[in-house]
Each structure stands twice: as structure tokens, then as C-alpha cells.
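Okay, got some structures for you below.
The following pair of complexes shares a single chain, chain A, combined with chain B in the former and chain C in the latter.
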Partner chain A sequence: MATSQQAIPPIGMLGRSVMTRRRGALLELGAEWFIRSTGLLTIVLLVGILILLARQGLRLFIELDYPVGRFFTYGNAITDNTTDPKEFKFGVMPPLVATFWVTVMTLVFAIPLGLMTAAFISEIAHPRVRLLIKSAAELLAGVPTIIFAFVGLALVVPRVNDYFGWGAGGLSGLTAGFVVSFVAVPLIISISDDAMQAVPVDYKENAYALGCNKLQAIWCVIMPAAISGIAAAVMLGMARAIGETMIVVILAGGNSSLPHDPTESMRPMTATIAAGFGNASEQSLVRPALYMTGAILFLLTFATTLIADTILERQRKRFGR
Partner chain B sequence: MRETTTPGKQESRDGAQAVGVSLGGLPYRPAHSAETAPVVLRLDKVGVSYGNVPAVNDVSMDIYKNRITALIGPSGCGKSSILRCLNRMNDLIHSARVTGSVYLDGVDINSDAVDPVQVRRHVGMVFQKPNPFPMSVRENVAFGPKRQGTSGRGPLNDIVEKALRSAALWDEVADKMAQSGTALSGGQQQRLCIARVLAVRPEIILMDEPCSALDPVATLKIEDLMRELARDYTIVIVTHNMQQAARVSDYTAFMLASEHGVNGQLIEYGATNEIFTNPKDKRTEDYITGRFG
Partner chain C sequence: MKLLRRRISASIFRSPFMVLTTLALGTLFALALTACGSDDEKSPSGSNSAAATKAPNVTGTVTIEGSSTVQPYTIALIDEFAKTYPDVKINPPSGKGSGAGITAFINKQVDIAQSSRAMKDDEKSQATAAGLTPFEVHILDDALAITVHPDNKVAQLTFEQVAEIFAGEIKDWSEVGGSGGAITIYTRNEESGSFAYMNEDVVQKALGKDKTYSPDINKQANAPAGLTAVSGDASGIFYAGLGNLGEIPQGKVKVVPVSKDASSPPVTPSEATVKDKSYPISRPLFYYTNGDPSKATNAGLKAFVDYALSTDGQKLGEEIGFVGIK
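Here is the complex of A and B:
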């Protein structure tokens, strides 16, 4: 239209003042970028760690001519300090399977204990008791895991040895898993309790008003509604078990061959890395092999967390919350 | 639908007189001397306090079988607290303390010896917000019976269908039994919640502002349904809506707090037409004529 051009008024004082930059705008821009870059930093770190591990690890196959098939299938993980690819007897399978057993045993003990405690403090206990147990659990989560390892060594190992005779004098994947569960339980309690507390009060009241007893209300209404948080709690407990080092170094027994059941002495990935790295020279095959193991460990925990997030997201959509 | 009510009720609606007469020396206020229906719930000096703050106290009244009793009053007068005494829902609030007695067929359900779970199987409750569980329509209705040990597809299907028919919802959801209960409309959801309560086969149904989240059409449907249900059940309803109380209830109790949320009291209790046409208390009159509240 002809009038459209006339509709734009000439730039006056007000327009000019809007166009000029405020003082401090630059500072603001700087701060914004700083905050943005700290956010980016986490992604850079994540990718950086993976690149570092993979680069160091892949040297094993590319520069040092260690067969890939042997790395993934060999039934032992001997971390002798050698530079000869023919002498090197390292497969990632035994530590991987050991990690699997310790994690499974951890969850076997931690899920029932953690969820029952969470259900108790969330739905049955007096609020004061809830606060007490929850703060105790949070304190427990802050205890260095080496302390748990000591307690396990003093109390659990002799009994496992006396009653069952498992592993190397009571040192086994099961023993380690049992003690690691006490590290995972506070995590599971805390997050599951939060999730159950977040269940709308309406659901709970409806369940009780329909003649449910406490157990039925918890099992049939509250836990299903809180399943997303509970799944996340279990996943995080699992990631904790996969990554736990000190306890498994001390309590899992340290046998580097492939474990067939959790009652055997074994050496999970973290313990293998911790045990092997100290005596590995710069030129040895052990170092890249351990880096490779570390990369797999990293991907494993990464995948666990990713799966946990996916479950959470799906549940959130389903419940519209 | 009101034509279908019992003769006793007709009487109670017409020849109203003796509101406030004491019964056997006790300070009960029988809503109507001509009432022929038996008393199913008797509240005797019931009070509720949260922490050390008394929310409501000294409420004594009789609730008659197969009648709809409405509790009205401004916010914070304690009507919901009183309602929740009738099926021990206050047990769920740690700070709540209930004094006095609530007799259900002669048994004081407020006593420690009584199992609240058993009470709630006799006294069902419908809440303000329609809140089906996030499961199928069928599972929602079957929820209560299942928890009480009913099993098998056949018996459960019968219960579900009967409850949905009683809640005037069957025709609308018969082909949606496997759909999520939360996918229904607001009014349907509330009727689903009523069906869920009916499936437990209670004798008394408590309703805590069941229509406050619904549109007028859905509200009317629920009100019709309540009149229908009063043939088989005793209903106690808390409502903010005085027109609703006037439309739907046989008896009305007016409650008032001395200050907001503290010391709520029963001001007047009687046949609904009495309360609305000829209130005995000035405060009741002020409230129902809209002078406050």
C-alpha cells in the first residue's frame, strides 16, 4: 500500500536512545557467554574423556599389534608388565563379567532393602522418623567407600568364609556386591523417597478411601505412580556399583580369570585398572589395554545413565507429569 | 427423580417442625421429628485439631439412612475435617487429632480398637478433584474389589459393570473399558470415581465437593446420580454451593468458624427446606441469603 511507507515515523530521540547500547550491556553479554561456556564445558569434558581413553586404548591394536579378537575373547586379564604382544595375556571379558556379577549382586541386595526402607519412611513412619532415617542415609552416602571396605573385611568376609566357604577365603564377587549395596542403598532410599513423596496426595487418599491397607496402597498405587523416580534411583545405584573401585579392589578377591558365578573370587574392571596401572611402564601393553578397559567402563556407565533418562522421560510423558 | 423417594422422606420434606429438639436428654438435634429412617451415623461431640489448633469442635448430629446430608459453610469452617472423621481419613494426617465419638451402627469408629481399613470399606469417599488412577477404566473400577480379595474375570466383570451402571456411566464407556481412565472427560472421570467407590459396596458415601471441578452440565448429572444413589446409599456431601445443597440434599448442616480455620462449629442442622426457608439462627440466615461467605 502507498500509505505503508508513511506509516513508519522518522527516527526521533526516543528511537535513537533505543538504538544506542546501554552501559553494562557488554558486561552482560560477557556474563551470558561465561555461563553458556560453563554449560558447554561439561559436554567438552565428556567428549574429551572418551577421546583420551579411546586414543590411548586404540594404540594397543594399531601401534602395538595386539589382536582385537584376543582382547575381547581371551579368558584371563593378566596385567603383567610386558612389551611383547605374544606374551601379553589380557582379555576384557573376565573383568567385564566380574563387573556384571558384582553389579547384579549389589542390586539383589540393594533394591529390596532400599525400596522397602523408602516405602517405610515415605508412607508409614512418622515424619520425624522419616527425617532421621533420611539424614542418616545421606550421611552414609558421604562415608568414603574405603571405610565400607574395611567394615566388610572385618565383619562380612570371615562370615562368608565360615558359613559358605565362597571365593578366596570369603573374598568374592558376592561379598563385594553385598558391601557395595550399602553404598547404593542410601542413594536408592533418598531418590525413591523423593519420588514417592511427589506422588499426588489424591492418589494416596483415593487408595486408602477404597479400603486399601498401607501395603496395598504402597504396592498398587504409590509405587506404580512413582516408578519413574524409582527406576532412576535403581539405575543410579547400578551406575554406582559399576563404577565402585575401592570396595571391589579389597573384597572381590582379585582373580583375573573369567568368573562363572558370583561366589567366585574375581576382579571387576575398576579393580583391574587400579591393580594394573601402578606397575605398568610407559612402553608396556598393559597401559593401553587398561585405557581400553576404561573406555568400555565409561561407555557402560554412560549407557546406564542414558537408559535411566529415557525411562524417566517416557514415564513422565505417560503420567503427564 | 424425587418422586421415587420413600414416603418417609416426603413427610420429612413437608410437615417440618421440630428442629432442635433434644433426643433422650442428649444435645442432638434430630433434623426432623417425623423422620422414619434409622440413624446410621451419630456424631457425638466430634472435634478435630491440627497440631494444637482446634479446627472444629463439639459437632453432634445424626445422619439418617438413605438420606443426603449436606454440610455447608464458608471456607475453613471445618466441614471437610468433619467429613473426614466419618471414614477415619484424618488418620492419614500426622498432626490431626480427632476427639469425640462417631457411631456407625452403634460402634464408635473413632476408637483405637477399630481398624480404619474396615471403616473405609463401609464408608466410601469421593473427592473434590476427579482423579482416576492412571490405569484402564476397568482396572479403576475393579481396584477396590481386587484389593479385598475378589478375583477371576467373571465376578470382577460383573462388579465392574454393575458399578458403572449404577454410576450412570456404563453406556458411555462400555466400549472403552481398556482405555485409560484419565482419558475420559471431567464429568465422566468423577462418575468413574463414584463407580470405583460403589464397586467396594459401601453403605455410606462421603462426597467432598464432588462437583467443584466440573462444568454445570456435568454437575447436574452428578446431582441426578446422587438422588438416584440415595435409594441404596446414605450420602454425606460437603459443598460450597448452596444451590446444590438446596437442590440435592434432604438435610443441611450449617457450620461456621469463629475465625478462619479455627474453632469451627455446627450452627444449625435440620431438614434442608427448613434451613433454607426458615432458618432458626441469624447467622444461618445471613449466610444463605448471601450476606457473607
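Here is the complex of A and C:
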């Protein structure tokens, strides 16, 4: 930071000018290109996945004559291994709606919990408490989701069944969403805490100078200022909920027909793919149907992440002075 | 201000990192998907024609996949088999389900598909199209036990009532003398042989070809998951193979006796009642191989199937809870 007052050339150019002065420039160049190609690989893979999913999936309509309308409107998603388009009873709507309900339920539980925790550790808690909670949240994020699923099966499912009688013996979209929310919460805490920390100190000082108490400062000044970061945190938590597999396989109930409300037993997209892939032989209709479902799932998470990134970018421009 | 700058730069790094991580995870997911499906060019492994005919010197590689009902038997069989034929390498199945095993067989990923149901015509034609000649080896018999919550008062069911419950035509336990209100149906998922067997050999056999499962069935990933669900749901019903009943503590579920029709006595599933064919929901278990295994060029495959049908192999099956065919 000592040279920060001089006109600095862009980082890449700086690297190059330093490099040419050193020995082993060729090695350096090789390393640079290697690193660059690993970076590009991510983009190549991303595009590759989409092409692969679409190519495998579109076979369903083009080669195998499965009606497009039926794929989008049929009220059940049965992944039987069959080659007969008349026998194949698969529509993407029930899994899509199931994913929607689980995601909504996840957000209903995760947003208040995540945001209140973030506000607490960012603005109220003692730095040592903040560190403790933040580390705990990060550890929570590292727990394999199958563990969450089993804890949910042992603790949440019997209670949902006894107190509310929802779903199939307590297995429902709501149960799954509740448990998935504990996977999404650490993500929401971490990112919205960063967003609140990034709100300039003058905002907070002004709020307190005008006589705000802590709650007023958080609710009326800090949260609105950090709203785009918070929105991005929620979007990323949402992407996590859409993609979650193991918990919904075990806790959502496994009813493959169209769910009308979140308290029903259901089978979201990820669980449908997981349950059906064993049946997906080369010639069968299941295989392209699951690829198509995967493509839609991919686009959903991709769009969510993209929106989150755009919002975060806006927050950065606002305070990155 | 310095502190502030550091905080801002931290948040700048955060975002692309998170985005990349998300993308990378997505990538892995899709790669896993492709990896599952792209092994198609691999021919059945271990077509080791140079194998000697002398029994102890048998070599070869055998891969197996399929039914979770047959799973405990195959695993035990592999252990015993290895003692006599140490030079045959056997890749044990993961027990994903009969459908999964037959699909892997059609995709030429395994030599043997273990199955708790007969191969469907559609699957047979898929196998023929792939250049295979599916050969059915009947190894053992099994029963599907109908299980309910231990508090359910239902004393017995007829074969037809079982079919009507799973077809969704009987909707409340009071219609069959049980308790618990509206019936919650648990089944295995589509990968399972029991799932297809219940549909074709119980529901459709009793009620006609145009009937099928109720749309409101709750598909569980495996037998223990279904048994656990029924043990916690007073209105639940589920089916499981005899060998799977040991996978939940005794007394957690109740096995309901089933009668052939209204005039026959109810029968509890057991080895004896499967053997004398008095229990109506019993079924054969199969190994499917490409062509007659006794003529197979893979000596290991031939030896393994022979061993399953031998006195030792059959006795092993009965120890686990299945019924021998001899």
C-alpha cells in the first residue's frame, strides 16, 4: 500500500513487466497460461453441461416422440423404465411444484433466523461472541446434509406427525423445507453479515447521533443500506434449497403426483432424478426425461445465482468508493 | 477508513468466490450424472475364455447389480463362494433395486442382474436390441409381507383387499376392520422390484390390467425407510420382503396375515407358508445373465451361478430367511 499514490498500471500489466525482468520467464509464462486455462475450464464446463443436458434431454421430444405438452402438464412423474411413449407417465410439473414448495418453506424459516442472527453478530454482539457464532455457523455449513436428514427423521418428523398430522406420517414438503433451512441459514448469516459490515461507519454514526436506538438503527438504517447484499444472501440460500437432494429424498415423503400445498407429501426435482436414474437405460424414455428435468433444475439454480451476483455487484458499486 | 477499505475488499472477494463455488458444485453434479450414463460402450467384463475347466483353478471377474431384496443373499453368497474359488473376482452389488440392476444389465455394465421380479417385455426387447440374450435363473423364493403400525387393529386382509388398498379404492382403515383413519400408502420407488411386483402381480392380477397404484402413494428410497415410516404412522401400510423384516426391531411394525380370498383362512408369511404356496403374495427371485450361464465362456460366472443353485448356496438362502427352490 506504500506505492498507492502513484499511477499503478493494471495488475496483469504489472505482472508482465516484473516477469520480463526475471530469469525463468518461460516457466513463468507457462504457469500463467496454466492458471488461465484452469480459470477458463470453469466456463467451458458450465457451457458443456448445459449443452449436454439439452442434447440428451431434447431427444425425448425429437427422437422418442414424447409429447411436449404431456411433459409439461402431466400430473404425475413416474420413472418406470419403458420405451413406449403411451406407457410413460412423466410430467415435470409435479417435481417442479414440489421444488417450489420446499424452497418457499426453506425461505420462510431461514430468512428470519438468518437475518436476525446476522444483525445480532454484526451490530450487537461482542466481537468474541461474534467470532464464536460465526465459526459455529461455518461448522454447521460443513455438516453433511445426510446427517441433517437423519436428525430431521428422528426429531422433526414424529413431531410434525403428532402435533399437526401433516403429509405422510410427518414426511412432507414443509418438514423437508424446515430441515433444509438449517443448511441455508449459515450461508445467509455469512453473506448478510458481510453486507451489514460493509455499510459505511458514517451511516451508523449518523443514525446514533440522531437518537436511534440499536433496533431503530438496524431496522431503519443498516438493513436498508445493506438490502442488496441481504437480497443476494437470500438468493444464494434459495439456490442451495433448490439443489438440495439428500434431505428431500428422505424427508419430503416421495409422492410423485402434483402437490397442492406444502404440507403434502411430495417428490422434488432432485429427488426424482435420484430415484429414477437407476431405471434410466439407454433406450428408455426415463433417461432423456431426467436429463430434461436436470436441465430445468440447472437453469433455475443458474438464474438464481446470476441474480444474486448482479445484486451483490450493485451493492459493491454503491459503497465501493 | 483503513478498516473500512479492508471490509469492502473482503466483500468484493466474497461474491465471485461464492459464485464460482456454486458453479463448480453444479459442474460436479452434472459430471456425476454423465458418468452414470456414459459407460455404455463397456462390454460385460471378464469374458475370460482362457479359464481352466478344473474347478479350483477357475478365474474370471463377475459384476452384479440389482434388487435390495436379493442383496443380503448375494453378499453372503460372495463370502462363501470366495472360500472355494479364491481366484474369481466378484464385484458386489450395491442393492439399488431390481429395475436398476436390469438397467445396468441392458447397458452392459454388469454380468448378473439380481431381481425380485421377472423381466418386463419392454426390458427384454431393450436387452435384445442391445445384443444380449437375457437368461433367467430362478434362485430362491420370497414373500412380500404386508406391514402396518403395531397399534392398527386390522386382523387380516384378503388378497383383493390388499390390491384395493394399494390401488386407492379402499381409502379408510374402517372398511377393512382396522383403525387409524384414512390409509397412508407407502411403497418403494420405481427402481424396486417389489414396487413393480405389487403393481403387476397383486393390483393388476386382482383388479384388472387397467388398474394401477393410487396416485397418492409415498415412494420410499429403500425397505428400511418404508418400515420406519410405517412404524411411526398409525394409518400407514407398506410391503417388504421377508429378508427385510429383520432390518427394523421386532414389534415396531405388525405383519398382517393375508388370505387368498374371503373363504380361505388368513396366512402369515413364513418359510413354510411360502413353500406350500398357501401365502398368496409370494414371488420368485432371479439372477439374469447373458445367455445360459452353464455355457458361459466366463468360467467365474458359471461357477458362481452353479454355487447359488448348489445345496450350500440354497442352505445359505434359507438361513437369511428366503425359501429354497429345491
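Here is the rule we go by: the second predicted complex is superposed on the first by the 286 of 321 C-alpha atoms of A that agree within 3 Å, B and C clash if a C-alpha of one lies under 4 Å from a C-alpha of the other, contacts with A are read in each partner's own complex, and residues count from 1 in each chain.
Rule of thumb we're sticking to: a residue touches a chain if its C-beta (ideal position, glycine included) is under 8 Å from a C-beta of that chain, and two chains touch if they have at least 3 such contacts.
None of these values were measured; they are calculated from a predicted model.
Undergrad: Should the pairing of chain B and chain C on chain A count as a clash or a fit in the superposition?
TA: fit
Undergrad: Could you say whether A:225 touches chain B, chain C, both of them, or neither, answering first, second, both or neither?
TA: Only chain B; A:225 stays clear of chain C.
Undergrad: Contact-wise, after the overlay, does A:206 reach chain B, chain C, both or neither (first, second, both, neither)?
TA: first
Undergrad: State whether A:282 touches chain B only (first), chain C only (second), both chains, or neither.
TA: In the superposition, A:282 contacts chain C only.
Undergrad: Mind working out whether A:158 is in touch with chain B, chain C, both or neither, as first, second, both or neither?
TA: second
Undergrad: Scan A:127 for contacts with chain B and chain C and give back first, second, both or neither.
TA: first
Undergrad: So if I take every C-alpha atom in chain B and every one in chain C after superposing, what is the smallest distance between them in Å?
TA: So the smallest C-alpha to C-alpha spacing between these two chains is 11 Å.
Undergrad: Would you tell me the residues on chain A in contact with chain B in one complex that are also in contact with chain C in the other?
TA: Residues 200, 319-320, which sit in both footprints.
Undergrad: Quick check on the complex: what are the chain C residues that touch chain A?
TA: 4, 7-8, 10-12, 14-16, 18-20, 22-27, 29-31, 33-34, 36-37, 40, 96-97, 99-100, 102-104, 106-107, 120, 122-123, 125-126, 129-130, 184, 186, 189-191, 196, 215-221, 225, 228-230, 232-233, 235-236
Undergrad: Would you mind writing out the residues of chain A in touch with chain B in their complex?
TA: 126-127, 200, 202-206, 208-213, 216, 220-221, 224-225, 318-320
Undergrad: Over in the complex, which chain B residues touch chain A? Could you list them?
TA: 87, 89, 92, 94, 116-118, 120-121, 124-125, 127, 129, 131, 133-134, 143-144, 147-148, 182, 193, 196-197, 200
Undergrad: Using the touch definition up top, name the residues of chain A that touch chain C in the complex.
TA: These residues of chain A touch chain C: 42, 45-46, 49, 52-53, 75-76, 78-84, 87, 153, 157-158, 161, 168-171, 191, 194-195, 197-198, 200-201, 229, 232, 236, 239, 243, 249-250, 253-257, 265, 267, 273-284, 287, 291, 294, 298, 301-302, 305, 308-309, 312-313, 315-316, 319-320.
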